[in-house]
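We call the chains A, B and C, going by the order they appear; numbering starts again at 1 in every chain.
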Amino acid sequence: MRTKIDVAGLFEKIRKENPVVHHLTNWVTISDCAQIVKTLGASPVMAHAREEAADMVKIASSLVLNIGTLTPELVEAMKLAAQSANAKGIPVVLDVCGAGATPLRDQKCLELLREARIDILKGNTSEIARIAGENVRTRGVDAAAVGGDLAAIAQTLARSRKCTVVVTGREDIVTDGGVTYLIKNGHEMMTRLVGTGCMAASVIGTFAAVEKDPVAAAVAGLVCFEVAAELAAERSKGPATFKEKLFDDLYNLDAKTIERLQKIRNV
Amino acid sequence: MRTKIDVAGLFEKIRKENPVVHHLTNWVTISDCAQIVKTLGASPVMAHAREEAADMVKIASSLVLNIGTLTPELVEAMKLAAQSANAKGIPVVLDVCGAGATPLRDQKCLELLREARIDILKGNTSEIARIAGENVRTRGVDAAAVGGDLAAIAQTLARSRKCTVVVTGREDIVTDGGVTYLIKNGHEMMTRLVGTGCMAASVIGTFAAVEKDPVAAAVAGLVCFEVAAELAAERSKGPATFKEKLFDDLYNLDAKTIERLQKIRNV
Amino acid sequence: MRTKIDVAGLFEKIRKENPVVHHLTNWVTISDCAQIVKTLGASPVMAHAREEAADMVKIASSLVLNIGTLTPELVEAMKLAAQSANAKGIPVVLDVCGAGATPLRDQKCLELLREARIDILKGNTSEIARIAGENVRTRGVDAAAVGGDLAAIAQTLARSRKCTVVVTGREDIVTDGGVTYLIKNGHEMMTRLVGTGCMAASVIGTFAAVEKDPVAAAVAGLVCFEVAAELAAERSKGPATFKEKLFDDLYNLDAKTIERLQKIRNV
């Protein structure tokens, strides 16, 4: 049996090791993704030129890809970076942001999955269902309702793609096809703020930089981010004060608070 | 005679219908534009690849174009998106951000106006004057003084381009060449915050997603945005607290407050 | 002997003259850089198309280049803009963001230095050491420790490149190879916020728009920015409240406060 995930311990490990987390991401939330990584005590790098995509991986401990504002050229640079990360042995997180919205997105996600090893595949319910081949239609980057047993869909996807699958939603799912965790942290206010999904991927990438087990990294990352969101939402007047408190509360988070508030179930 | 514009009703309609508002916009304010749309209760999408520009329109209820950080390639994608929106029959808003600053901007605005149907053409005083063919010189993206009767210039432009023209400034002008409205809401603090002009275009695009009459959509959008700005400015200590309160106050706006504070004149 | 730098006077001059500051910069901090320039009372322009890079310089009083998310195409546009700025006689600031992280960055910095006149070359300790030819390895965009006498390295670099060199850090160095100033303002909290380095370059560019002496412009800009950071950090709970207060406190800064808190040494 798997040992308990030490969420608080991993949170503290990031501050001690200060890993570099490299990103090829979208132009909407790029600043927020960089700041959330820095807020955790790690060093973000965002660089998208084909000509340095592989080189930048050399100084990084993990790589986060996000197709939110993809172009074919950007995806080519992502492939180079991911292949370089594979060769170096550092984890690759892919946020399939907006999958299902257009054929280009679906096609490029499949290309990335085919041409590189993706360690953690992350999306919201409709995005993951789409990648799994379910018949859904994404509403832009916001989640749409999906029928069926999402945990089973995620487990099958994880097994067929040989990766850890993360589905964010009211209850998050993290599975490698073998073990599956459900996380009940978070707050409805997260859906009112642009970028919470992208930031979650960057947080997971930051935890993956200090923890080899991708399931543990994803669970721990989501819990810390969403516990901070709960604390922030309580005292927010709207999306802007929520955003400010989300960053500050994550910055001030400690092991005790994490352990008191974490809601993880191994199913 | 035209019936009274139901600003508060349209504001509430957005929250009920939750439309998708697609953008091809600039890299400076892209995050703020997405957040202002979400704050209104709609779903923003920002995507600029030529390869999906037209496909993304299929899930959208309106399209916002903003040339703030244009390149010739981006404008080609804008044309594809706009033509797709025209074919689908959803409204297209063009923010002629920085028109007059360089020959490229003027030329690309004219190309967009020629190669697609623009439903709402929006700019500040110097930008609109430039598109109308007046001899002005834009100071970057900030407005410069323009001589002449701006309302008359806007009306002539609206008639010749067969669109609704929106001129933002101390007193905003909205006209389709037939009816003309002046809006006296807003606050001087808006000029101290980067992106208020771009956000105004996104707000107008969001209202246009639920209201077929472009004049009503533009008037209602500007009024709601600027009433929130008035509320925010009262309690601000500078541009950053103003920004935070602008988003929170728009999020918390209600029909009663809108009706109490709106300052619309039909001239 | 050089006369005393009138920091407060230059701060007030920006508000009076309201210069346009043109940028070709990175996608992570582009919004923050625009806002910091506007907060000082100047007008930011960010535009990166090759086709208008030189034209936009015509309306600007200074030019800021930042290679944070460079591509070869973007650097070509930077060269055109810088050459146009050189011809017009307005100052060019280059932030060598991430120099040392990849060969592409080092090569492109050297190309920019060779193909245009850079008036103010700015970086953190490891970036400047790298440009000076020292053997360092940058940790992404965060500073790494550098051995040796950094002031001497900066002075030699300034003389060989015939420019003013700015090294940001716990104690900032500003030198043209002849005179050298050390600035002890600032706060450790600046290292927890993404974009403070990029914003510092934009602030320096804004001061350079109203002050011909690049050393005076750089010293004055850093002092004002860092005094605001000190004021902001005192009342911050984390990186997000720090950011909000940094903008508001810079907006509300006055001559008296600057003169009371500035810590400049001519060495």
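Note that in this section contacts are C-beta pairs under 8 Å (C-beta built on N, C-alpha and C of every residue); 3 or more make two chains touch, one makes a residue touch a chain.
Every value quoted in this text rests on a predicted model; they were computed, and no experiment measured them.
A.B. asks: Mind listing the chains that sit against chain A and also against chain B?
C.D. replies: C
A.B. asks: How far, in degrees, do you have to turn chain B to put its CA atoms on top of chain C, rounded to the nearest 5?
C.D. replies: About 120 degrees of rotation relates the two copies.
A.B. asks: Distance between chain A and chain C based on Cα centroids, please, to the nearest Å.
C.D. replies: That pair's centroid distance is 33 Å.
A.B. asks: In chain A, what residues contact two or more other chains?
C.D. replies: Residue numbers touching two or more other chains: 27, 31, 244.
A.B. asks: Tell me, which parts of chain C touch chain B in their complex?
C.D. replies: My answer: residues 20, 22, 27, 30-31, 34-35, 38-39, 43-49, 51-52, 55-56, 59-60, 243-252.
A.B. asks: Give every residue of chain C touching chain A within the complex, in rising order.
C.D. replies: Result: residues 26-29, 31-32, 68-72, 98, 101-105, 137-142, 192-195, 237-241, 244 of chain C touch chain A.
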